[in-house]
């Protein structure tokens, strides 16, 4: 059943798809020698390691417990824990704490016990995280959405060069429908909508075939436009609803899950299989055999790129994630994480962005393409001038870093880099304010404690005095007179 | 005749003006405390007395009274000076004392004789201990205000540097 | 990784086609038909004036940037200075004395643009602020319009412009523009001039160098509009701003005191203003609503100033006045952020 | 009615008190640092100017002229303006403490603001009627407020611009005010 287009989302632009190797069948990466799992993100601890060096682990055994809602980490292959130390990371900070496993075999699989009943805890212990790129813990999302009014399955792959969702849908359409039906039984959504873009013909036909004339799952074929795959943009397009700023769609009862995340969640809930492998697109002119590869999470970029014919000489930049929202990495021994949807080896032929940062002429083209209806040139002007609180008022925290503004800017200004830098500074400032408020409470608590103690002591001395007055009133008059004289001397 | 009429006119004018002002000043006395609360919220509440006033509230009152300048808050640094400048319309002045790296107090438990003097001195109550028992500092709550060091008789408290927080670099 | 990778870690790895220099050159291209026509109509005077403005403008900009710091001189080659100088030259009378153009380019490039921080940070439109400066400081030379029929050869032009540019020997060549004639008629009560509309549209009457041929300016403007360099809000707003009061006053006002709105439509300065002066992105607001209001008020003011004031052409004053209100307009017409 | 409108227009735009007659330039430069204080100042000046125009006209017409004490005009006006300004300051300090602190010195400075005294003396000098004098006062303050708020918006953007070191702050503000004054000359001759 086709879904009428409620409302086109604001801004956005048409990008050349150049999906090299999207049609190629997916391949499987041979076992790499070592696997690297990160325990910290920007030096802030996110996981606690539960194995120690020299211990042997089995295929699928969990090696680190996630703090808070963070899902756990599992070994993609059996092997020996080689080291726990700092290694080059894909995030902003250059070095991260990581566990390194020397792989040996994958025969005997670690059996997970089935004690956990609650589905969001099970998802957390099976390590399921968002695979669209943000790696948001799926367990937390499912729990926050409860019985969602609408469940959107996000097969929209609007970034150029990316084709892992398309390949997944093309090759495993039936398993996806089975997964959707199984999860629908679990989370009881009001409506189920599978969204994908009409220019991925093979995926659309595969899904249509798999769905047949089923009525409970709606298929939405959307015209291709970047950044339609964003959660808020997809909701605005399909449901005509704007998620209020600062709140997650899950809290409104709208659950949005990436196609790959749905598959991972299905494996976790139905078969208790942890998330250890994911489909990664390898593209860009620097790779001779681009395409989609089943990669164990933790494999180094070097192994994956060499597997697809990497030509180091021509490559100017290696990006983890899509060409628009991905992040450049400086060294190739960075590892694949759950959120890595693509590894791109970009050469000069890929219209590589050279941020020459010429002066901004306020042409307003970035304002037209911004899906969050922000003013990128005004925010950039205030960031350059150092007025970050002014930038926050004009919506810095609503920027989804989709890169549309930096793509169209004629002066090639590093807009997204400035916005992310400003966002991090604002987060640090918020932390300082929160700490100041917390310490303010400590001070008030201390004053209250001292005041209470003083009143207790006053109470005791008052009762002692009353008792003395009943025993010998005359002496007490002398005491009062002396007190009066002392007090009058102080007042003068 | 000219002189008298001139005197009468100016005298009457000034008198009536003065009376009107006196009445208005008493009726609409300015309320200061609303501003004090606003200022206090901006201050980092470390009660460290680095600004020369025994705590954040006295410093806020001093600012409203006009005795204190807006850049005396050392832990607040740039952020507080800008925030106060924004609220009070005063233009920006660099902070008087620059906050060194954030520090945390640390008691060498072996030498602590349990005299509870530092507990009384700590403005945020982050030192735990009973008389004659060993004391220790809750590092999470300590603001590094060094008020506990002077009262300690055996001088067993020293300041430790916190690991530097990762700073994003400017593109 | 043997090669040092690009320093910018975040942000899109790919970039679209639009370049700053390309943008500026396209606008210059859109201006070129009207320019070439001016060379044809005014002969050597126009060409020399343009060269004087552009060369002195480039030198001033290069020196100003060099004084700021060595690395900045690269910005002198991005075509924006060239564009401002061409616009300035086109709004000045053709056969003016040589220092008129050099002083104009100094005021526009150095004072109005570089002093405020260079491209993108200047608050006032450089060409217009220079024109107002010259109009106020040397009105005599600014209102001496060369008569197209009496244009002189190369040698004579050079003599007029460089050697004896003082007034006397100069009047023989000048004539009044339509707007001048209308203003004099209004003051002295003479019957209104009925200008030949097609003549004005094609552009063979006297006037500032570039503002002669409305047809070619319209041509350039349409090219800018359909190639996506400018948005419709600014030109449409300006034209509405001019035509609305014009028709209103023409219909309601007492008989015979106001020119018919058609005259304004075919006047070169209106077309120049609509597509090239008002649409300078740097000194205009960014949001569509603010742009329309900004352009509309410029149009209205540029009609009211000559109608009731002293000066024959109100466009430059109107642009400067509205440029100063841009920060307020932007604060007023800020679009609603997603989800707020 | 048309005549009142003409006075209002000419006082606000044609011979604007700040940019054409250059009266009241020091608060214009001093308060335009931030938009909030500029709006506060504009309202305060509008309130003070309209009130003083009316009051001084009455003072002159009913007290000074009958007693033929015109020579006292200057002193009497100044005392009256001082009283009105002090009254405003008390009210602002009571109702809007933050604004009062933000405007700081410039609120009492309105007393010595040449625009205020200028308008009152002008009203009396040109033998305007009561209605015309008040409208002139209101028009002048409207013009002052309008230009002040527009200029505050400009300066707010300018202090983020990459202005050369030597010109940062007041110099660039003076140049901007100069260009705005040039633009205001365009209104010359209107309203005749």
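A, B, C and D are the chain letters, set down in written order, and residue numbers restart from 1 in every chain.
Heads up, the rule we're going with is that a residue touches a chain if its C-beta (ideal position, glycine included) is under 8 Å from a C-beta of that chain, and two chains touch if they have at least 3 such contacts.
The model shown is predicted, which means the values in this text are computed figures rather than measured ones.
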| item | value |
| --- | --- |
| Most distant chain from chain B by Cα centroid | C |
| Identity of the most central chain, Cα criterion | A |
| Contact-richer chain pair (by C-beta pairs counted) among C-D and A-C | A-C |
| Euclidean distance of C-alpha centroids - chain B vs chain C, Å | 56 |
| Distance between chain centroids, defined by C-alpha means - chain C, chain D (Å) | 34 |
| Chain A and chain C: spacing of chain centres that average the CA atoms, whole Å | 50 |
| Separation of mean Cα positions, chain B and chain A [Å, integer] | 39 |
| Contacts with two or more other chains, residues of chain B listed in rising order | 171 |
| For chain A, residues that touch 2 or more chains besides their own | 92, 355, 414, 417, 420 |
| Residues of chain C whose C-beta touches two or more other chains | 8, 10-11, 118, 121 |
| Footprint of chain A on chain B - complex, ascending | 43-47, 55, 79, 82, 86, 123-126, 141, 143, 165-171 |
| Residues on chain A engaged by chain B in the complex (per definition of touch) | 42-43, 92-93, 355, 389, 414, 417-418, 420-421, 424-425, 428-429, 432, 435-437, 439-440, 442-443, 445-446, 449 |
| For the chain B and chain D complex, residues of the former touching the latter | 2, 5-6, 9-10, 13-14, 17, 20-21, 24-25, 28-32, 34-35, 38, 87-91 |
| Residues of chain A defined as touching chain D within the complex | 381-382, 384-385, 387 |
| In the complex with chain A, residue positions of chain C that touch it | 1-3, 5-6, 8-16, 18-20, 22-23, 75, 78, 80, 118-121, 231, 281-282, 284, 286-287, 330, 334-340 |
